[in-house]
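The same chain A turns up in both complexes below, where it pairs with chain B and then with chain C.
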Partner chain A sequence: MRAQSRTPWSNTVRTGLLGGVAALLLSLVGLIEASAQRAIITGVLSMGHTLLLLIYVWAAQQAVRRLAADGERQPSRLETLTHGALAGLLISAVLAALVLLGQVINLRAVFINASPALFDLLTLKLGTWLGGGVLLVVGVVLGLLVASLSFIPSQFRKPLVLGLAAIPVVSVLASALFAIRGLSLLGALILLVLVAAASYLWDLKKGAVRERMNNLTPTGQRTTRWLRWLLPAVIVLLLPLLGKYPSEVLDNVGLYILMGLGLNIVVGFAGLLDLGYVAFFALGAYTMGVLTSPEIQWAGARLTFWEALPFSVLVATISGILLGIPVLGMRGDYLAIVTLGFGEIIRLVALSDWLKPYIGGSNGITRIPKAVVGPIELATPQTLYYLIILGCLVVAFVTIRVKDSRLGRAWMAVREDEDVAQAMGIDLVRTKLLAFATGAAFSGLSGAIFASKLTSIYPHSFHLLVSINVLCLIIVGGMGSIPGVIVGSLALVGLPELLREFSEYRLMMYGAALVFMMLNRPEGLMPEARRKLELHEAEGGAGE
Partner chain B sequence: MLYRLRRKISGTTVFMWIIGLGILAMVVVGSAQTLASGRYPSDQWLVLTIYGVAQGSVYALIALGYTMVYGILRMINFAHSEVFMSGPFIGYYVATALDEAGFLDRQPVIGLGIVLLAAMATSTTIAVLLERIAYRPLRRAPRLVPLITAIGASFFLQYTFRGLFGSGVKGYPEIDQLKGYWLIPGTQFGVLKTQGVVIVAAVIMLVGLYLFVQRTKTGKSLQAVSEDKDIAALMGIDVDRAIVITFIIGGALAGAAGVLYALLFRQVNFFMGFFPGIKAFTAAVLGGIGNVVGAMLGGLFLGIAESLFPNLVLDGLGIPAPYQLKDALAFILLVVVLIFRPTGILGERLAAKKA
Partner chain C sequence: MALLEVNTIHTYYGAIHALKGISIQVEQGEIVTLIGANGAGKSTTLNTICGILHPHQGSILLDGEPIHGLRPHEIVARGVAQAPEGRRVFGRLNVIENLEMGAFARKDKAGIRRDMERVFTLFPRLKERAKQVAGTLSGGEQQMLAIGRALMASPRLLLLDEPSMGLAPILVEAIFDTIREINAQGTTILLVEQNALMALSVANRGYVLETGNIVLHDSASALQKNEMVRKAYLGEE
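On to the complex of A and B.
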């Protein structure tokens, strides 16, 4: 009996301490303080507090769910409440201990972010002792609140949670896009009610709407299907109206989508982990620079953007093949390191004085002309956006068409088992090289647009981190999945650009996201159907 | 069909041989020209070689972590470079505290010992946590999954350290007793004291590790597990324990290597692990990954090659500022080794044993 009742407690303690450590880490790396600048609800709640709040919610929720899942009987309400409260209390205890320690010794000598401002945030400016006490009480109350959520009938719980979640999301988007400083309290309440009501009504009427859809005449169904495509398309085309800065962000997202779709072919389809992908991006950009910039004298007549574009793609493609040949026989992890090496070699060579007379060394290439369409020069981010969208469409079209072709299926066969694929008559050399070449071509295209977007390129723009970024976004989005690439780019490139205070912590979160995804959801956010099946089949197999 | 296959292989092999011969020709021509020009006196080559040995012994210590983990888990522990970085980073705070108290100058041996212990403890903790949190749940996952996890962990650690301790470069305190040279008796030639200490310390640790792996029961159990996990388990070896021990050894050696690296270059920052990490991996591959002695030799070779090649080869080829290409050289060496001799220098013995 004792042994049985011990497990849920230790589970809750572990969850609480884990949450505490997470909160501690976020505080000490300075994320909480940095994001406290942004208000979610003006004067009431800052984003720093929201982040802490999320940790409380996660921990209490986890504790309650574990309790319900592990026990043989339904836990009583009192038990649920105490477990939730305990998890909340533990997080607060860890944070309170930090505050206390900060008063006793000068933590700042080591942890540069353990500043008085952070302690003020944690103690709600109430001083060490009172604030610490309040922190503990708040922890318990939050734990209780989250735990009591599980008593609400599910048809009300979902709208409520959605409504609550909508507040930070809308507020962050609004403040990032329109320079609004957070929602007002009234606005937040209205939003909560609206979203909750909408969700509740949708749940009620969902069945009826579906039925109506199914009862439509075939032509009616066809129009609704068209509308379903048309609406997002119109929205996508109208996005630059948001202004210069959002368009700039969208341009970056688009360039990453281009690269992501390319790497998706190499890693997602063919299963070849390429960590030097930035090399092709760099080659595309440098080819564009060398052929178009008036600074470069040795490369013959100056071309326009459109004349140079095919050369950019061509150079990237050829180097994709050339770099692919030596690594044909290598297995997954060796391949990763060698390609990483290629990427770094190209960057280091571009940076050195050796090639300085030709490609500018650390000074890079500047004065690269913008693209011109008819009378319009694509100089603003808004106009450039359409060029990037066009590129994305072409690349996405190619990807979709190739995916289910003979070649696409050959890639996936190679990904699954090289030996079996070869036994089935797939030419490994050709298949792998085509994957490298296609991926490189997309990346080169992205690089060429990048060069004309910035009008100047430096070796520093082609750091290994770009490769890691692209890898992250296709893994978070879902390897091998095209919508996944788009979602991944929006989440990993778009969001951090909108939330400037996060940009310093971007790579930390990428790293955490990679580990988390691999441990918990290796198929990604928008998984490709076949891949998901594979991964879970493997899990099932391992479990037996 | 065999004929067709052979024809295809030869197409790419020929291409690779051309690259290989090209590189070889560049090395030969470059060194010949440099030596013929007599630009550098022989003393300078000796200085460079000793510097290379010191650096190489640090690489060797890090490489052991890669090679042992690879041997046992068949995965590249990409985050090992951060295990290496974390040790001297924490060691820096210990060292400055000791230095401010004047202890480091009064008792350099004990002081350095304390710094070393702190660094080794930190690195070991991080290595063990990594194994427990990130790698253990994935032991039977498809190959790419643990590698991606390791890359993620590497970046997470790097930028967590940056967030916690700031992005600036931190200067290690200088120890009075380690300033200047030791003259080699009978010559006019001196060895930098720090380099001497680094070489001696590294050699002691390398020999210690070799004896541990070869002679002790635990060491033999590690070998058994890296040979075949399932059969080792059948023989009564606790595989989980062996893996944890591997990570402990790798972490401790990486932490020690970090302090030695900090002695050589006297600075730490959050990004310092990347290049030594990649180079140590190159060293491990060079020596045949999974092979302990190979990693040691590979590290030394890479260290020496790296300090000699820019002057010896690139200078002779007339490339300006050859030192800038030092890091690229390590990568080129890695690529060349993996292409032409993926088993490494000592890899064959291992392969033969397995067969």
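On to the complex of A and C.
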């Protein structure tokens, strides 16, 4: 709808060039070369090539879809193929131009990543001229293939696409988790067939299964509903069996989920943009450190993890209220700036020489004990995982209950319109302070577990970037949505840890993910029902 | 004793002296209107009564008890509700949820249900759109919702800020008919309007506000005949 005035051709050219620029960007920042180390299908396809492939697929698909959506009549097959091919060709042309330019002038003076290795990757080691030609041909062929996908009847297309998508996903997971170096060609094919067949059969039988479920006796239905919860629950509980490193990653994801659920209350529910959220994480962690580490002399008898935990949460909660009081009258950007300052102040105070005798200054606090449950010390990432899952469950439960309570409705009203909320009889002070306090409590809990997980904490662990990360994962997951926090944490914390090639590009990925989300899915990956509804109705033009 | 008594209040926005000693009385059961040009201070007056703004001087009494020191939610609890200027319904919530929000301060479930029925009887259009998201309602429907939402607080005194703003004449008529009906059912109303003609036709008494001062007050019928009012607000030469 947006591009009604453009002709289909200019649309496709624009999409192709956009894809070309994206491919160029990924190449020049070094991401393609870095991720070429990892094989998706051994000897056949590297991850670097897969990334480029995804751009081709996106562009060609976009071109074909717009062609079908914008025109007054159904495009012919030839038109569809031509547009797909053109989009693919344009991406290749941009990349080929890069390769050519790289032969003429020394690009490396400016773009250090424009290396011979990159050019080899782009030209498939066939040299500038032959390789460049092949690159163009490959672009056209890819465009044609993607375009011809739209000719396949949809009951076959979906399984095929899912099967193809499963290859890189499974391969990346397998290599990240088990140090397997890519799938074999045969393995990839088997995977493709299995996933496609499963998807096809499921689509075929879905109706019958639903019907049978509906025909079950009430007790039977209840059992199946339980089973539907039980299966994911069992999987979640078994995840640590994947090993030490995956558990470590999941632990980090879990700590971010805790923080995300807390900030979600402040930002997502109550609409208060808090950029200093890391402060409460830090306070929770430092409280744990001060009360439990044998290094600290001045704070009385040493407590265990469990004894110190309530204090961590309490200190964070009280600080949440203390921060809340001065910013009660502030809105939007003012609030954001003041809270941002608060976060930095806490970090700088922790770093200061002034408090060094008490909390270690830049040396931090070390020798923080692990949590002990009965005879077991939660010393490994695997055991710690269960503690974190428990924390997440408690926090998620509280969040769900609060969301539908009077307080939850008050938060929603304050988020929508502060003045009107007041005029409805909502106590603004109480409502805002409770949001800050609850959010801070969750973050404090996360910080306390973090401290005992690492056994040592330093001021630099509590950088502004943590607040930004948490905010990003909420936005990507979907403001105000609890599943969104989980998905956002997995996507923005879990994924980059698995793909270590990407660690350098983490911030770039965040930026790209945010821009992409704002343009294509502003409601987030797992939107809150209300927001989804609203954006849907806006699209339908049901407004005034 | 008057239901509402506003005694020479002065309200400031920072250094801006918006209300310069205003006095208003509203008796139980009346419709009183406050008319004046844009920027005269009408909304400021209502917001000061509601407790969203605080007067620097003067007093506001409800049933003889001072309320000018109270916070907005406490004033709502005492029976004063406002349908704010520009409607400001909760755009993402549906009609029912908006109405429930209006009853936030109350805990009597049966009473809330009764008042919801009452609102739906007053505004059958809202009942038809009970599940529709408020942001997608038409301007007139949003105004009905804003009034309905204020009624859900079960107020003794209803403050209406320019309910006719931006509505087609036929809708304005309908809204004013309903205002009369609400009043007939026993709710006292303080009505702020720029549309002096309509406002004076439903009100018992009126006050004319100019740049933060009350310049005139009289019965509605007298104001309708008043030379100055006719020139300034009823568009006559």
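Just so we're on the same page, the second predicted complex is superposed on the first by the 527 of 544 C-alpha atoms of A that agree within 3 Å, B and C clash if a C-alpha of one lies under 4 Å from a C-alpha of the other, contacts with A are read in each partner's own complex, and residues count from 1 in each chain.
Just so we're on the same page, a residue touches a chain if its C-beta (ideal position, glycine included) is under 8 Å from a C-beta of that chain, and two chains touch if they have at least 3 such contacts.
Everything quoted here is computed from the prediction, not taken from an experiment.
Once the two complexes are laid over each other on the shared chain, residue contacts for A:Pro218 go to neither chain B nor chain C.
In the superposed model, B is the one of chain B and chain C that contacts more residues of chain A.
When the shared chain is aligned, no partner comes close enough to touch A:Pro232: not chain B, not chain C. With both structures placed on the common chain, the touch criterion links A:Asp417 to chain C but leaves chain B unconnected.
Looking at the shared chain after the overlay, A:Ile426 reaches chain C, while chain B stays out of its contact range. Look at A:Arg409: by the touch rule set out above, it reaches chain C but stays clear of chain B. Across the two superposed structures, the residue set of chain A contacted by chain B and also by chain C is 427, 429, 542. Chain A contributes residues 25, 28-31, 110-113, 271, 273, 275, 325-334, 336-338, 340-342, 344-345, 348-349, 351-354, 356, 427, 429, 468, 471-472, 475, 504-505, 507-508, 510-515, 517-519, 522, 535, 538, 542 to its touches with chain B in the complex. Residue ranges of chain B in contact with chain A, taken from their complex: 8, 12, 15-16, 19, 75-76, 93, 133-134, 137-138, 140-149, 151-160, 162-166, 278, 281, 285, 319-321, 324-325, 327-328, 331-332, 334-335, 338-339, 342. Note for the complex: chain C touches chain A at residues 50-52, 71-73, 76-77, 81-82, 84, 88, 90-93, 100-102, 104-105, 133, 135-139, 149, 153. For chain A in complex with chain C, the touching residues are 406, 409-410, 412-413, 416-417, 419-420, 422-429, 530-531, 533-534, 537, 542-544.
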